[in-house]
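Next up, some structures in structure tokens.
The following pair of complexes shares a single chain, chain A, combined with chain B in the former and chain C in the latter.
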Partner chain A sequence: MFIVIIGSGRTGSLLAGNLSRSGHEIVVVEKRTASFTLLPVDFSGFQIKGDAMENDVLKEAGIKSADLAIVTTGNDQVNYLVTQMAKENFDVPRILVRTIDPAVEDMYKNEDRVEIFSQISLLAENIISKIDREGMKLE
Partner chain B sequence: MNIILVGGGKLIYHLAKKLISKGHFITIINKDQELAADLSKDINGTIVFGDASEKMVLEDAGAYKADVLVSLTQKDHNNLFICKMAKKYFGVKRTTALVNNPENENLFTKLGINSIFNITDLISSLIEQSISSDNINNLTMIEDGKLSIFEVEVEENSAAAGKEIKEMDLPLTIILGGIIRNGEIQIPRGGSKIEVGDKIVIISLPEEQAEAIKVFGGE
Partner chain C sequence: MNYKDLLVSRYFLIFKYTGMIIMFAGAAILSPLFVLFAYPEEANYSFYFISAGGLAVLTGLLLYIYGIKNKKEDVELSLNEGSIIVIFSWLGAIVFSAVPFVSGLNMSWSHAVFEVVSGWTTTGLSLVDVTEAPRIFLLWRSIMQFFGGAGLAVIALSYLLPVHGMGLYMAEARSDKLLPHVKRSTLMIMRIYTFYTLVGVFLYYISGMGLFDSINHSMAAISTGGFSTQADSIGHYNSLSIEIVTIILMFLGTINFATHYTLLKGKVKTFFKNAEIRFMITSLLLLTPVIMFFSLDIIYPYLGENLRQSFFQLVTALSTTGFSTISFTGWPAFANFIIILLMLVGGGTGSTAGGIKQYRVYLIIKSIYWEIKEQFLPRRHVSSNYLWRGESKFYVKSEHVQRVANYIILYLLTFFVGVGIFTAHGYTLLESMFEFGSALGTVGLSIGITGLDTPLMVIWTEIIGMFLGRLEFLIILYAAIKLFKDGIYISRHKN
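Up next, the complex of A and B:
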């Protein structure tokens, strides 16, 4: 699959490394040059340096032909704008977005082609389900 | 009306003063504490200190009873997000956003932002108009600068002087609205002849304006 990843922070670079290792074609877009150093040494995809909130940068990343975009910068508002650009300006068929503030989740409600991953909700759910599984219930 | 303004600087200050003087109820949201404190001394409205892209802050600002929200920050992603949040979470009917990157105008419209100030395009077209020659007059912009109507005086060295309209090679996006000769208006037809000293009323896209001026105005 051809995947464009927006944001090469800790999350983006981890995803980029693992997905490229399993054979996907990856382009990573990142504004800060320093953040590319987080990519693992065996990352075999492409790096585009630039602000993903500019159409030209997304175009350069080839997002038009992407099968999937993963939007994972550290800013909810930036993620929202980039998601809408990918969806409306470039017709990306599927977009996965990271959300940070749980209050933002409903902003993506009824949004087709877009799926959110709320880091705090996911973490909390995992912890709760572990507690439930191990029977650490209230007496 | 209940109006929420998001942003800072002199623009917000004067905007708020003006709107208050017209009888509107104003709430300003600003994330600079010092600025918010200053505004609260000078503005006869509610000032909320906080980040308007947070749901709680919009709630504190009374977004559920606002008629209009205007987001005028320097960052397009914040303006879009704040407007969409006001609509989705609080049912604010009208939202207005400042657009810094002109390419975002269409996207914001598509996403349901009711009105958009495309500041870059607006200023650039104003600059272009002010530097384009003296022989153009009465310029009017329609739909926030998407269409312009103006008048060009035909100079002696103009390529159009002495020609009939049908002989001229005009771009298709230029429409001639009238020929003013000695204070009388003629409606241009293919056979109308352009003379030196005529004033031509032209309707065109702003980007074709220069072309139209070149054809009629001379160098």
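Up next, the complex of A and C:
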């Protein structure tokens, strides 16, 4: 599968390394050169340096032919804009987005082809399910 | 797990992968046996190939079995570890490939190693008498060039090894990615390469060459190798159409696979923007008339003949192939000097060719231009210098220029050392520069020095030159230093 990953921070680079190792074709887009160093040694995809909010940068990353886009920058506004660009301008069939503030989850509510992963909601759910499983009772 | 255990487990992995590649080399040694279907009378030579191939497969298997004793999870290879695998795979392939020449053709080990190094590094200097050698040996020489042109690491990455990292790929002097995954990239390289070779066989065949010769010459041309099945190389046929086909194939062989991929995708404009393509076209357009009218018009009085001979020899030198249609011994010094220059420049990076590489020379010329330009710009100007590489602009940083300049200096130093050794044996400066430049650039043109009665010292200088030229120096140093350091560390921490 051809996957474009926007943002190569801790999340993006971890994803890029694991997906590359399992044989997917990966292109990573990142603004800061220093962040590319987070990519593991066995990452063998392309690295595109540039601001993903620019149309030309996304074009250079070949997002037009991507089967999947993963948007994982550390900024909700950027994530939302890039998701819209990938969806509307480049017609990416499937987009996975990371959200940080749980409040922005509503923004993605009626978007088809887009799926969100909210790190704080996931964390909260995990903790709550842990509490439920171990049957901790309120005194 | 402490550092020593980590190191040891990595060496087990190196054993395993090297074993697998050597097993592949063994299979390659067995492949010339296919010639027996067409020429069953050569069956008495098959024993030499079966024994050499079997020996290689057995050695590879032993290394592999020793390597998988370590049950640890597979780790990724760094460039240094990739270098070790590449060097030992190449050495293994060379030693086992030489066995049939020693046992079957009664060559000495030095001469046999020379022949196979010339094959695997796609040089094309030869000590085998092609008029008398059995066809099975001729085919084996071409097959070595075919696989050597692609490179053992590329073949290993595309089909054999479960490796996803760039270390092994970069260890064989390649860095271009065609697709955003190293495995897909190498598979694509193998496809393009095999496709061109098949096209070459077809083109030669319809130009009137026999099928056996077509197969051999096509493999030798696309790999920019230059082993021929005829004593006079391509000149034997004296046919314009065969020469044109050869020129086309040599061009295809000398162009970077990433650039080929751009062309195959239909991006013709980007193709002609590419730094190496521009450099190649300019230098050939410039130098062909220069040697035609300033040097060779004495030997070839007719314009058509002059153009045909000059252009062919220039392309064979620049592409580092080494097919020839004439003998260089009778050429004037100036023409031979131009040929030496082109042999030093060589082909494209990430292609099957050798030499300093057009990209590096182009970059250095450009950076001289940039330096002069900046001198006359306003004091507070900001500029970003770029050139076209693959499909995109590449912004050149000064560290990159430094690396390239270091490489060129290292290359030229080695060249001078080699030329020194040659002249010490009594050859003229021109002969020495021509022959060693040809070996170091893995070209294979000869001015007549290399032969069965050449001193062994000179033969070994050429062997080392070819090996260094193909694997691009530094990785050999990296591998040696890494082995040395790790050896000391492991022996100091015995328990």
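One rule holds for everything that comes next: the second predicted complex is superposed on the first by the 138 of 139 C-alpha atoms of A that agree within 3 Å, B and C clash if a C-alpha of one lies under 4 Å from a C-alpha of the other, contacts with A are read in each partner's own complex, and residues count from 1 in each chain.
Going forward, contacts are C-beta pairs under 8 Å (C-beta built on N, C-alpha and C of every residue); 3 or more make two chains touch, one makes a residue touch a chain.
Model, not experiment: these values are computed from the prediction.
A.B. asks: Is this a clash or a fit when chain B and chain C both end up on chain A?
C.D. replies: They fit: once the shared chain is superposed, the two partners occupy separate space.
A.B. asks: For A:14, using the defined touch cut-off, is the partner it touches chain B, chain C, both, or neither? Pick first, second, both or neither.
C.D. replies: neither
A.B. asks: With chain A's C-alpha centre as vertex, what's the angle to chain B and chain C, nearest 10 degrees?
C.D. replies: 100
A.B. asks: Quick one: is A:76 in contact with chain B, with chain C, with both, or with neither? Answer first, second, both or neither.
C.D. replies: In the superposed model, A:76 contacts chain B only, not chain C.
A.B. asks: Given the touch rule stated above, what does A:54 touch, chain B (first), chain C (second), both, or neither?
C.D. replies: first
A.B. asks: Looking at A:96, would you say it contacts chain B, chain C, both, or neither? Reply first, second, both or neither.
C.D. replies: A:96: touches no partner chain.
A.B. asks: Is A:68 touching the first partner chain B, the second partner chain C, both, or neither of them?
C.D. replies: In the superposed model, A:68 contacts neither chain B nor chain C.
A.B. asks: So, A:107: does it touch chain B (first), chain C (second), both, or neither?
C.D. replies: In the superposed model, A:107 contacts chain B only, not chain C.
A.B. asks: Just the number, please: smallest Cα separation between chain B and chain C in the overlaid arrangement, in Å.
C.D. replies: Minimum over all C-alpha pairs of chain B and chain C: 22 Å.
A.B. asks: Same chain A residues contacting chain B and chain C, which ones?
C.D. replies: None.
A.B. asks: Inside the complex, what are the residues of chain A that reach chain B?
C.D. replies: Where chain A meets chain B, its residues are 53-55, 75-78, 80-81, 84-85, 88-89, 101, 103, 106-107, 109.
A.B. asks: Could you pull out which chain C residues touch chain A in their complex?
C.D. replies: Against chain A, chain C makes touches at 76-78, 163-167, 169, 177, 179-185, 392.
A.B. asks: What residues of chain B sit close enough to touch chain A in their complex?
C.D. replies: So the residues of chain B in touch with chain A come to 53-56, 75-78, 80-81, 84-85, 88-89, 101, 103-104, 107, 110-111.
A.B. asks: Over in the complex, which chain A residues touch chain C? Could you list them?
C.D. replies: By the definition above, chain A touches chain C via 2, 20-21, 23-27, 40-46, 60.
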